[in-house]
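Beneath this line is the structure, given in C-alpha cells, with notes to follow.
Letters are used for the chains, namely A, B, C and D, taken in the order the chains are written, and counting of residues starts over at 1 for each.
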C-alpha cells in the first residue's frame, strides 16, 4: 500500500500538514556510503522555497531541513557524513504558520481545492492552509529528491517551465543556463521577460494561471524500467500526477503522437561508436516501459492556483450556498515552484528503478 | 514491487508472451460472494479480440478464457459460481501463433518497439510477436477488468476513441450508443464514417496512425483515493501509461488547464438535493487525488503502431546498420483496441481504491 | 519492500539510531476520527522506558514523544485531537547518549551482536550504542503500537514474561494483575520474587539470561487473516521475530504440538449462545491463517543480552584476533523490556489485518 | 499487500484450490538468463508428490507441471530454455479429485481445520478437499522453489525431519545422505527405522502425529537481510509459519536460547583464512536480521494432521452439534511432506533477499 509512500527499493514516506508542527520524510533503501550533508539538501529546498520573488507566495518559511538518522561520520570517513543504508529521516519545522489567515476555509469549500474531497473521505480535515493537501508537502519531496540524485552516477536531471497560460516558449531559444536567471525557471530568456509583465497582470487581477513543466534526465543508461506495471513511464506518470495541481503528463511527443503516422513517430537507429544511436527521440527515451539510453523527457500540465481573490460560488460544510474569496499568500502560478519538485520526483523514480534493475539483473546498467 | 502486478487490495498479476503457451492473470483480493462466470469475462474479451474488422490485426485468436480457481458454486448458490475471496486465475491459450512470420525481428531492432530496450535490459528476449511487450498482454488486463467491474456497485465505466490522427470528434455529437456500432469505438457516428476511409488510406499506405481515447466512470462515490502517493489520479495515470503505446495521460481538462485562469478552471459548487453539486467538471472528478462524486474523466494518447510496411533504418543485434519492414498482421491504429483495455484499467484502479477506502475508513463511500 | 516498514493498510515506518539525533516512526493508514493525545502514547513508552529498576539498563532516556502530524482538533472536536487519516509522525529525541562509553566497539565485533553482519552488508555502520540494531528502535514500535491499539474496538492485548532462563512460571498462578506489580512483567507473583534474586546473581556475574514472553489478544473477532501468505500467524511470526534478540516464535501449543496426536491437538467445537464455541485452544486462536474468535496466543524466545562483562573472543574490523568486554549500561535480561514491545507488535499486526479484512470483505468482523 | 503473494524482488503468487481445475503460481522478478526446464521443477515436485509410500496420502496426483511463460530458447541458446526476466507462470492440473469423498465436510466444521475460519471470513468456501486451505497449495510453492534455487549461486539448501511425535533424532547420527533413503526425509537412519513402526501404529489407530522439520542453507554469503522489518529471520519465520499446520518457528538455538546465559549463547569469533570465523552457531547464521555467512538454520513444528478417523465433536454450518470423522486419504504425519516445502520456502526467501541486497548495495555479497 502506498498512501504516503513512493517507490519500492528507494522508498520515500512523507508526512506533515501545511500548518502542523513539522513536515518531512523518511527515505528508506538509500545505498550506503554516499556522502550526504544537510547543506546539500538545503540547497535544493532553497530553490523551491517560497517568498523568493513577487511571483510566488509571500509566506516566509526558512524551510530548514534537519537530518535525524541514517548518516554517520567520524575520522575514518574524513569527517564527512555518509549514508549508512538505514532510513534517513528528514524534518522541516513549520515556523510561519499564521493560522488566522485561513479561518474562513474551515466552513466553506474552496472550489478547485481538495477541501470537499477530504471531508467526503475522512469526515475531518486539518483545514489550516490546506493541511495535508497543501503544496507545502512538496518540500519533503524536494528533500528526498536531493538524496535520490546521489544514487545514480552520471545522470543530469533538469526541469524548466515551458509554457505559462497559452504562451509556450520558443524551443529554438532553449538555454538551460537561463533557467537559474529568471524567477520562472524558464529556459527561454526572452519569454521569461514577457512572463514578468504577464504574470504581474494576472496577479493584480486577483487571478492565477496554469503552466507546463518539462523534465529531462540525461546520461541515463538503457535498461531501467520493467514490463508491464513496473514501466518507467508508468511510474513517472504516477510521480508527476501526484504533484499538487497536475492534470496531465506526457512522455516524449506525448499527445502530439496521436496525430503522427508510424513512419514519423518511430525513432530510427544507426550504429554508433558507443552502441546503437537513435536518429530522433519521439519516444522520450522510453520504449516498452524501459529506458533506451536517450534523454528521458517528461512534460506535465499544472492547473492555475485555485486560491484566487475573485469571489467564487461554493457551499458550506453544512450544505448552504456561499461565496468565497481565498485571501492569504498564494502563488499566482503554482507551476513555477513545481519545477524543482519535478526534478525531485524524476530523481526518486530513477533512483528506484536503478536499484530495482540492479537487484533483478545484477549489473549496473 | 510491481513488475507484473497492478493494484494493492485488488491486485492483478499478469503473465505470458505473445507467442508463448498461454497468457493470463491472477486476480487477488477480489471480495467473496460475487457471481462470476467465464462467459462474462469472455464478453469483454470479445470486444478486444483481434480480427473483427479490417481495421485490426488479422491474427485470429479465439482468446478463450478459462477460470482455474477462486470461484465455487453448488446447489446452495443456486448453481451459480461465486467468487470465494481466494485468487482467481484466468488463462487464455495462444493458438494462432505463426512464429515464422516474425523471424526477421530476431536480429534487427524494430524502430518504435521495445526490442532494443528489452535486449539492453535482459540480454535475452522472446522476439516472437514482441514477446512480453506485445499488446497481446492486454487480453489479460481485459479479463481482470471484467472481474473488477463487479466490485463497485453502481458505477458505469465506458471508453471511446475521441481522436484518430489529427481528427478529433465533435463532442456535440457524442452518443455512447454509437460506440458499439462502428469498428472504432467512436461516439461520433459521423466521424466514424470518416475514419473508415481515412484509416483505409493509411492501411493501404503501409502506415499507421495514433489516437486519443477517453474513459469515463460515472456513479462513483466521493472519497476514493488518498493523499499523497495513493492519489486516484496518480494511479489512473500509471494505469493508462502502462498500456502499450500510450504516451500521454490527462485528467479532466488536462493539458488545456495550463492555459486557463483560476476563475475558469476551479469548479464552483452549489447545494443540491443529494449533497453539494458542482457547476462544471474541469477537474475530471478528482480533487487532491480524491474522487468528488463527479464523473471521473481520463484521456490518453496512443502513438501510431510501430510495425509498418514502410522500410525503416535500424541496427542489428550485433551492431550493423540495416533496414527493416515489419510484415505480419498489425493494427493500423492500435488505439482502437485500447478502448476496452482502458475500461479494464479504469475498473481495476477503481476496484482497488474502493477496497482501500473501505479498509481505511470503514464505510462504503 | 519493507526494510523499515511494517504492515500494509496500517503501516509503520521507523527510523533512527541508538545515539543519533532522534528516533521515531510514521504511522500511515490510521483511520480518521480516533482520539489521540501524546500522553496516551507516552504512557506506553513509559512502560518500556529504561532505568526503571535495577534489572534494566541504567541509561536514562526520558523518551518523550512528540506528534508532528496527522492529528487535528479545534472547538468542533471539543478540543480533543483526532486522527485525520493522514500520516502520523512520532519523534523521540535522544538525549542521554554518552557516546564515549561505546568507543571500543568501533573496531571489534561484539559476539552475538549485529556489528559484523552490518559491516559485511553495508561496509559502514553507526557503531554508537549499536546504531540501528539497538533495541532502542523498539521505542518507536511501542509508540506506533499505542496508535494501533485504538484501531480495533473491544480487543485486549496483554503480554507477560513466562520464563526466565530455565525457570518457567506456574501457569496455575497466572494473574494478569501481577504483571504491573513486579519489575519483570511476570504474571506469577511468586516466581517474580524468585526472579529478583536470580537476576541479581546473573547481573553480579556480569552475565545475562534469556526469557520467554507470551502475548495474548482477547476479544478479537473471527475472520482476520487471509490465505496463504497473508496469514495472521505468519505476520505475527514475522512481527515477533523482528524484535531484537528474538530467536523463536510459536502460536498456541507451538512446538509442543509436534508431540501431540491428532485427537489431542484439534480443538473440538460445540454450539454456543454466541455462535460456535471451542472446547480448547491448542490452535492459539488461528486456523488456516485466520482468526477463530478464540484468544490469539503467541510466545517467543528472547536470547540473553549479548553485551556482557565476561571477556569474549572476537576479531577486529581489520581481521585481528581480540578480546572484548562490553561495558556500558545493559539489561541483564533484555526479554523483560520486550514485553511492552510484544504488545505493540501484536497491536500493529491486528490493526493491519482488521483494516485489510474490512477492505476485502467489507464488514467489520 | 500479500494475501497470495510472497516476496518482493523475487515474488511468488500462488493460486488454486485442492479440487479446482488447476493450481499454480506466477514467479515474478526472476533474473534473466537462467536455464530452466520443466523437468527440473518436476523433480522437486516429485519429492513432495503424494502416494509415494504408505505414510503419505494415497491421493494419486501426477502433479505434472507446465511452464506457460517466462522462458525462451532457440539455436542461439543452444536449444536450452532460459528465463527471460518476465513472469514465469507454472500450472499443475488437478486430475484425481474424487469430490464425493468430501461431501460431509460441506456442512460440518472439521476440528483443527480452517473450515470454520474461512466461513467466518468469507461466508463461502470451496469445501472440496479443503479448497484453498489444503496443503495441496504447497505444490505451487515447491515449483516456485525450484526456480528460486537457481537464483543464488553456490548455496545448498536441505531440509530434514528431525522429530516425529516426541521422538527426536540423535544428532550424532545426522547423515544428509540418509534423507533420500527413507520415506520420512529423516537424516538419522536408525530413527527412520523406528518411525516406520511408530507411524504404522498411529495410522492404524486412525490417528495422526506432529513433527519437527529443520532446514539448513549452506554457502550463503554474509550480508543478506536488512533492518528492521526486512530481517532475514523475520521473513523466514513468516515463510515457514505460512506452511499449512506449522505452529512454531525457531532460528539457531531458538527456544533453547531462553535458558542460556550470555557467555554461552553469543558466538565468539576468530580470524580465519577467508575472513572472520565463528566458533559456534547458536545464532543460526543470522545476527541483527542479517546473514553472517554461517549456515542458516531454521526449525519449525508441524501439528498432527487434523483429518483423522477418530470421531470428534463439532458444530454444523447452521449451528447444531455434530460428530465428524474425516475419511478420505490423509497423511498420518503431514510434517513429512513439509520437508521439500521447507526447502522451497527457504529458497524463495533467500532468492528474494539476494536480489534485494544486490539492489540496495550493488555488490553480490
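Keep in mind that, in the parts below, a residue touches a chain if its C-beta (ideal position, glycine included) is under 8 Å from a C-beta of that chain, and two chains touch if they have at least 3 such contacts.
As the structure is a prediction and not an experimental result, all values here were calculated from the model.
Undergrad: For the two copies subunit C and subunit B, is the contact made of the same residues on each side, with over half of the numbers shared, or of different residues?
TA: Shared-number fraction above one half, so same.
Undergrad: Please name the chain that ends up farthest from subunit B once chain centres are defined by their CA atoms averaged.
TA: Farthest from subunit B by mean C-alpha position: C.
Undergrad: In angstrom, rounded to a whole number, how far apart do the mean CA points of subunit A and subunit B lie?
TA: Each chain reduced to its C-alpha mean, subunit A and subunit B end up 27 Å apart.
Undergrad: Which whole number of Å gives the spacing of the CA centres of subunit A and subunit D?
TA: 45
Undergrad: Specify, in ascending order, the residues of subunit C that touch 2 or more different other chains.
TA: Touching at least two other chains: 1, 3-5, 8-9, 14, 29, 32, 85-86, 121-122, 132, 226-227, 356, 360-361.
Undergrad: Quick one: in the complex, what on subunit C touches subunit A?
TA: That would be residues 1, 3-5, 8-9, 11, 13-17, 20-24, 26, 28-29, 32-33, 66-70, 72, 74, 77, 82, 84-89, 91, 106, 121-126, 131-132 of subunit C.
Undergrad: Which residues of subunit B touch subunit C once you look at their complex with the stated criterion?
TA: 1, 8-9, 29, 31-32, 85-86, 226-227, 355-356, 358-362, 364
Undergrad: Could you pull out which subunit A residues touch subunit B in their complex?
TA: On the subunit A side, the touching residues are 1-6, 8-9, 14, 109-114, 116-118, 120-122, 132-133, 137, 163-166, 202, 207-212, 222-231, 233-242, 244, 247-271, 275-276, 279, 282-284, 286-293, 301-308, 310, 312-315, 319-321, 335, 356-357, 360-361, 365.
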